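Below is one structure, written out as structure tokens; the observations come after it.
Chain nomenclature is as follows: A, B, C and D, assigned in order of appearance, with residue numbering initiated at 1 for each chain independently.
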């Protein structure tokens, strides 16, 4: 895949936004690969994603520094929030997991096959089950268990210590995105605040149904006819962050909780891997507690 | 469709249930059309649905009276809950609606085409919008509005009076099943108690997400990526009865509340019509707050 | 719904297309409601749909004549194929059907509810089954049966005579779009040529599987696990025109042909109604034998 | 999972089949775990699957030898085709693949997680790409390439020689089921005849659409709106064997062939792994060119 730049914009809607952005790109000689806009008429907001080649066919490369300078002025004028990202260097992703490995196995295999255009320099787990898999894929693994404690106060201290250790690892590895691939520890707000809109979790229910622990048990108890899974950005509030992707599968009265768990694994793999890919490809814009996912 | 009998059974699981029921049917000469069983191993329960022809090919008809007598003894011996139903006479269904007519229009058209093997001798609404449609399909329509009131006490009295009027209509028409096809009035427990497991409602969300009013607004606010609809039996607790069927449709950030409402109409039609058909065909067994739907 | 204009463009891809079109619209004061582009990199083609309000909030109306004049010059310069359409006057749609009425009933009910922003001044059928329904919805109905014939030559003559009668009706009613809602007669190339990319058919299979007659029988014989339906533009070649929409439903070994037919009706309704709505909303561009459907 | 026996029956339909089979099982003391029947009324056929525990809770084990003897007589009397299988010893599965590893990686990971109740003592490939993966999962790998040839006659000889080598391996390993996990070589009828209803293939289209090579290219050329994948038993006729499972995914005009290939991988994984699991769990009965899949 050749190198390209992606510009993500959100701002108050007004006339001429597309004209001004696309004209600037045209004047700078950009060869646009994809462009998409969205207006939220209720909120009066405008969203745009535009991707263009950094190496043109004629041997010239796009002058990103010059463009950024010109665009910064335009963006200030139009009150834009914006992000300018390039495919290269690739985003650096850390995978966190616990004892269930289906999601991380799926992500590692997709990465090996080239579906995920990212570096994965770190796997973190509070269990050791993933260690051989990490070795097979050649990815450094760090075991970070919270030390046992007999009181809540000590438990909290230990948990914060573990998170500090994890954050140190993330900084050392230059991590841009943390993926919780069935990581069964709840992150503190302090941890979450270090990676705003950059921690993706998979929850094994169709949110907002069955928030919290043991959602397949809850789904079975309620007698639903479809089960679901949801990938979302992690915020301070449990299972409440912006939803990135959801999917469902049909079940029947024949399915016991174990069957739901097995069927659900396929959903979890799919919704998590899509979310990671879309994030890596700079397709997601968060606004309020929602996402725009450009296709 | 030729006449047939359906036996629905639920009881504590034990060895020999299928053998004893099927041998009894065989000895009575039944020509079985469909049979299905289900065991809930967690709860130790057994469920069975068996359907057989009442007119055999050889000109003899099945002796239902004799079978019922023999089966009653067997069922008592095995502690069975059971229902024995025949296709003829057809079940009698009343349709309730308010101002949104997509569900009732769908049910009426399916009935006209022969998809629903039932009589529909009554349409009830607190609005008059459905009146021409009822006339077109040749079905008696009764308008039953709750009289206006200035205090809660009077409002409650008026509401009960209206329900009494509706219940009188249902009795006069010999109604077996009440279908709430987007009927926007909440029924009192007293009304519900008259039709246990015989009032089907459609809720315009993927229950248990977005219980209560304005679920599409709530879905839009939460930023879900799929919307749903649910058909369920009505119990005393709002939107909490046994779920019969659910379905979902994919939406995107482009969809505003109006789009969700429009997309949702297709889901509502489908989940409600399936629930009504399955009920009419005696495919549904309720246990606890769940359903077994035999296919 | 307020009046708006839609511009559909396809042309060879080149730099600056979005900039030039959006700048022209901006300079003319357009308030853009939706815009979408697509590049087919394999074929080097560019597609665009842009919709803007004709009445601005400030009391001024957009000068469509002036825009059209300026755009015509630009389009010639850039070798664009283009269509400029307005919501008002509404497109005029004729519905054709035979004896199966589920699709036409669905379209008529959606039209009554306001889902389809079009006029329906004509229903044509080679059967009389639809006549009461046409009367109920207040739409003129014309019965156009092909006269019986004992030789192929006479049959062809009669068929052409019937089509001439139908084309005369279409012209008199000013029809823009012909919808074949399970119309079981094959149109001649001469008829099709009168309405290029303006005749929509629904085929009761997942094309290109099961082309031709009795697709549910063929699906049952092949033992597929999903059945489908397809809406497409009609071209000279049977069941081969550009596909607009497809959907599928899961079946099992329990389903006989009759069950497939019943399940398929829901698919047919959905894929046909979506295709009609998208056509009416000017969301579809044909190129080669394919469609771009802007969402 | 405790040991159990599964009986699969197909025979001409007649009265009393369920009664006689279930009474025999009851008399032998079977604790039935699941039972399901199906009648094909068109063909006058009866299908049954019944599974029961081999170790009862009371410490007694089911006398399979005695049952088999009694059942053999009954089956002869009723003209039954039947198979009696036990969970232990586990079925032995060989996986064949070529250079695309997503399906085999998925099966191996599901096997490691315990989703597939089988032994996998052999991986065969005409490429070496899978070798490290086979080593990681600890499964013997054999590379069996067809020797290069300059004439068709020699090519045929070489191909037969390679198949003989593969068949020898299968015999030595006691293989019960061959899974073609994107194995890109066409098997000869002689090979297929050695494993009737015991070779499962995945085809990357919604069969019978796009039979043969490069189905994603064909799907893209036809402009379909959904792509599919199909798992099926291999017969002498290419892509024509009994279909076990199918699934589809929605695509749009934005998707190029590469996108279809990527989207399709998820479908292929799912339909193949389901087919393998159902086969291993003795849920599939073939009749004619179709399958009954008991759930």
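Methods note: a residue touches a chain if its C-beta (ideal position, glycine included) is under 8 Å from a C-beta of that chain, and two chains touch if they have at least 3 such contacts.
A quick note: this is a predicted structure, and the numbers were derived from the prediction, not measured.
Enquirer: For chain C, which other chain has the most distant CA centre?
Expert: Centroid comparison gives D as the farthest chain from chain C.
Enquirer: CA centre of chain B versus CA centre of chain D: separation in Å?
Expert: Using C-alpha averages as centres, the distance is 38 Å.
Enquirer: Distance from the CA centroid of chain A to that of chain D, rounded to the nearest Å?
Expert: 36
Enquirer: Going by the contact rule already set, what residues in chain B reach two or more other chains?
Expert: In chain B, the residues touching two or more other chains are 41, 252, 254.
Enquirer: Given which chains touch which, is the overall layout a line, a ring, a star, complete, or other?
Expert: Shape = complete; every chain linked to every other.
Enquirer: Can you list the chain C residues touching chain B in their complex?
Expert: 101-102, 105-106, 109, 113, 115, 132, 136, 252, 254, 262, 266, 270, 295
Enquirer: Across the complex, what residues on chain D touch chain C?
Expert: It comes out as residues 38, 40-42, 47, 206-210, 222-226, 228, 242-248, 252-254, 256-257, 288-293, 295.
Enquirer: Note which residues of chain D are touching chain B in the complex, please.
Expert: So the residues of chain D in touch with chain B come to 15-16, 18-20, 22-23, 25-26, 29-37, 39, 41, 250.
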